[in-house]
């Protein structure tokens, strides 16, 4: 029993990390209607910015205090978002979702190349931002880093949710997420929305990188997490900030349970397949994901 | 609209793939060129071309499922893999090639139907998730099956094609083998475009709600879209198996699926011509850059090579982006516009 | 001119349809009968439930209760494409064409149910397939001719103007070889002259082909001129049903819908 | 000042020319109506003004569009919007998944006078009494006419200087059509709103307008003041539905042989 | 006379990070050999590097071109994609392929033209396990973490299962946990492994897995030594984690530990390198190239400087024994035949261990690998 609860706790904490990456997906979609397949690469970029302004700067002889490093990282993300808007997505405003989706595929290749070019493919350490070790709560052990990350994910979710649904700016972004042309006709700057989307997306992805990689290694291969988070974002609903962490927890717990109870019976196949089975089952009941916008069909 | 002077006496003439005599001549020249190519090229080019033909087949399939029917599929590479394993397995029983290739197509089609079922309810990008599931499950399932079924970890080796008395072994043989199949599938893909079946797919893509009310059985059509698309993937898979002579799960990755999709979109998802242009464009850019980079490394100019290959990624991604920004509806659309402009010059049309 | 002779029989009828969307009651026990060779108009204020009623007839909405009958048979359980197969064809409010196909392809999709070739024969495109495509291309051309779309037959519908798309929509509906034609606001977006043409089309369809027409329309001049009977719906209920002359003078209808626009 | 188009050409996709040397003027405080058959280029004209051609790969290739003396040719839609030009698109483009209320608020997104926004909302409810009941509904599920009301309301929420309406009466019940033009006329008079109107309900539109243009095949083929238009034979026949006689011909009696007579040019 | 030896590289795939060093190793050894040996024999070995992206499809496409343009006498392969795509056709193409990475059991086939300087990963692990077991004298309880859909990683575990099966009183595989290649957390897995009683942990997959396992152990207060391989070895791991936390962990392989006190190959590299730095992967690639060059030497001796071709190269490999000395101390004495794609007879392994936060070789000789049947 204790074991089961421990598995649930760990599963949810890991799930919240998936959720955090998924939020970075959703933020971009929710503000600009762009499905970004390159989100894993964006996360790697965030991680590399972080490295540059912390350990990298230190190695180069300019040690910066961690908060300053993080602030500079966020600034880096802002620049990153602006550049992407200006050179990649601005010309594609109003184009089919397909074309924009493809642009993200191109970006995937491009960003990978740029990261390799600028930082080289070498693996490097990530700064330790979250405390290591674990918290003993009664009979349970809770990973401190993941716990803080999880709490942060939930707080971020609430904040972003309020931003998108309550603020006037959020309303504008919602209009852009509906349809570029309609938003344009309402005098909403789609460019601005896209820039905001990518800045937010990059910042959230960087936060995710901090939780995910704190005290570990940064390599270009980390980008795989993007493909892990895509289904989570879809399960939560592409338009829904709050769906992402919930979906993440579902997947995380499902995976943990499968690892513990089914993998021994199936020689490891279950934990790979189960999350997808769960996701398809949920989608059959709610085709728009848990909290996504229901597709409106009228005649 | 066709320029002045081209008119059709019959509806058949209008429905032709190559509408004018000149188009026919160009096509004939292209085919002749491809047949003659081995005379003038080294095996590297042949290898690239063979690979390109196979990719083309897979992308035709994607054109049917995604381009025509609008059902997102990011598991095409898994379907190609299913075709490859089917062909490999069947070749082990000594079946002739003209049984194996159609069988690979049909088996792939049948399996794809399984993953198409959610399309009844799940729409748009969410469908990507169910196909993603197919892509993820593909290696896991093959690895979990008993070794002697599909080779598990080891993979399967493929008996070479025997045609009459001839056993195909050299790259040249497989160049012609895939060329013929690619040509057949090209005609098939263009045929779909102008037939009742193709129109029903396009109707479902454009507006599935209306299609249902206007007499098109939408669910069945979506399933058939996956089935038809996977037929092409199955043939591509069989060719892959023959050309590689050995199939393992590791050759059929999600990344390859994404690439297939990329080629289709860069070329233009709304016409079979788009599939051709996309495959040719991306293959050219990819191989060109790669070739140059390899040459530079061998020349010793960049001894360790890391930077150089990073630059090729940048250039490749950049090329695709530029193609998209320049023509978001795909190269096929741009081709169309250019041709129109050329034919109408100097008068813009109203 | 059309003169009703022997007692016309009902072709399509809706019987006490009730339709709810959550708290919204779109239809509260609406009944409607369409007779042979009749142009039957349905009018009513915005949001009254007219389109919902048509959607129930064509099967897109499933009413919570009530029945739809076609030529005497209960078709309430049939899915939309089956109903289309019986010959219930329709046009739509707003734009509902297939935007990335050409005008002629749009019309040809209407013949889907009449054509036979399937996937494998399509891949081959040989002999019978070719002959069939040609035969139907010819029939599509008749419709193109009828709707004066000749110059635009190969134009992508998504690039067309609003009014042209509505014509393509009508062409597709005609291609179903309908036994009854349901039209939702066909006149919207047409100029007076085009409305005249369209009214002529509708009368031709009825007179020439003998198919009844259900017409939802806000243009009272057209409705009063060409319809044989009118049903008025308000807040999901039928408030009147009768000939144009009767409706024109019905107080409830004037209050709810016509207002002073009707001299 | 107002709006003026001089010799504007519009080309789609680099090859399809739709507008040819269009000249059009909308003086401040006036209502101008633009008539024309399907495919004449009316919507294209409006999109050219509000800068929305880009998404359709269209472009103004020649000529100039001036608003209050400023050149807005091929401008950025957001900038043009902020100058006070607000357009109601054809095709019922509501923001489907947002509620009616949110849709209305999006209309006012660029305004900072929050209190006035509230009163404007009330005013719009006055024009369209059906709207208040729909506030919490998802806009995508409204009926056709309800959407149309919402669109016009949304445009008014922006407090435009120049309101551009593309077939506003489409799909509205007769009472509402009548009221709509009255309302627009009233706002125009009371608040000095400038209006450019494309409308197929020519009778109602011409009755309210100050000046009118007729377009065909991408060109302006006729223009004149309200009286001139009302008395013009062709306008009467093609747009008002009279065929020479005083009485309107019944739609039942339109003859088969009557084919479209095309404008010269 | 010039002979081409082609080489696969992975500059744009998962091993892009180690590639510059690996290729530097190959280039440096080739340069040295040309000067020290080739000149005397009148032959020159030319290395041609091709980027294969660690992708089977790229290999399949590029190989015919290499054949025709370069007519290589041998190919230096890198990783599983080269193996699975080329092993079936090499006998026809008559080009032997020399691998620097260890083999995986799935290519353990007789009569091949693919040979590795190393046995399978499982052999290498087995050598280390046997060493540990012998020292302790107790039965060794092994746990493993691996990735399900990576054939090579699964194969490593299968080999170890075979080991336990063959020597049931010496080894036991208590539990295998399947994880992703970049796992978020391995806490659950480690808890399961520790409750299953694992005394040593085999992680032959990725560096990220090793680090995640170390973090999880820290969290759970465990300390089980980890056994890594070369591609995720201690040097790689050290980039992301303080080595002190991994005290007692190993990397197992079968060429000379790069930090071995007396290692002639290292001196050769340092003297001839143009770029790159010495390390595990450099050592591996250098040793790989060295074997190919020694093959060329023996082939020249047999057929003459002008007549060397792929067949002669393979014959040279099979007919000769390559001594540790010839191989500059980088490899134990190697003997090949056509029953297996790796050295036969008494297979040797080597290993490194972390002691006080430093990587040191385990012992200064070679460890014997217990005999294993093909699994």
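All chains are identified by letter, namely A, B, C, D and E, in their written order; residue positions are counted from 1 within each chain.
Basically, a contact is a pair of C-beta atoms (placed from the backbone, for glycine too) under 8 Å apart; a residue touches a chain by one contact, two chains touch by 3 or more.
Just so we're clear, the structure is a prediction, and the values are computed from it rather than from any experiment.
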**Fill in**
For chain B and chain C, the touch-path distance in steps comes out at 1
**Asked** From chain A, which chain is the farthest off, judged by mean CA positions?
**Response** C
**Asked** Is the number of contacting C-beta pairs greater for B-E or for A-B?
**Response** A-B
**Prompt:** Going by the average position of its CA atoms, which chain sits the greatest distance from chain D?
**Reply:** E
**Complete:** Note: chain D sits from chain C at a C-alpha centroid distance in Å of 28
**Request:** Could you give the separation in Å between the centres of chain D and chain E, each centre being the mean of its C-alpha atoms?
**Result:** 74
**Complete:** Distance between the CA centroids of chain A and chain C (whole Å) is 48
**Prompt:** Among the residues of chain D, which ones contact at least 2 other chains?
**Reply:** 16, 56, 141
**Message:** Quick check on chain C: which residues sit in contact with 2+ other chains?
**Reply:** 51, 58, 60, 92-93, 96
**Prompt:** Got the chain E residues that touch at least 2 other chains?
**Reply:** 11-12, 16, 19, 148-149
**Fill in**
Chain pairs that touch, by label, are A-B, A-C, A-D, A-E, B-C, B-D, B-E, C-D
**Message:** Using the touch definition from the top, list the residues of chain C that touch chain A in their complex.
**Reply:** 51, 55, 58, 60, 92-93, 96, 184
**Request:** Flag every residue of chain B that touches chain C in the complex, lowest number first.
**Result:** 1, 10-12, 14-15, 188, 191-192, 194-200, 202-203, 205-207, 209-218, 224, 227-228, 270
**Prompt:** Can you name the residues of chain A that touch chain B in the complex?
**Reply:** 35, 37, 88, 91-92, 95-99, 101-103, 105-114, 116-117, 120-121, 227, 230-231, 234-235, 238, 266-267, 269, 272-273, 276-277, 279-280, 283-284, 287-289, 292, 295, 297-299
**Asked** For the complex, which residues does chain D have touching chain C?
**Response** 12, 16, 35-40, 43, 56, 90-92, 130, 137, 141-146, 148-149, 167, 170-178, 200, 202, 237-241, 248-252, 254, 256, 258, 260
**Request:** Please give the residue numbers of chain D that touch chain B in the complex, ascending.
**Result:** 11, 13-18, 20, 217-218
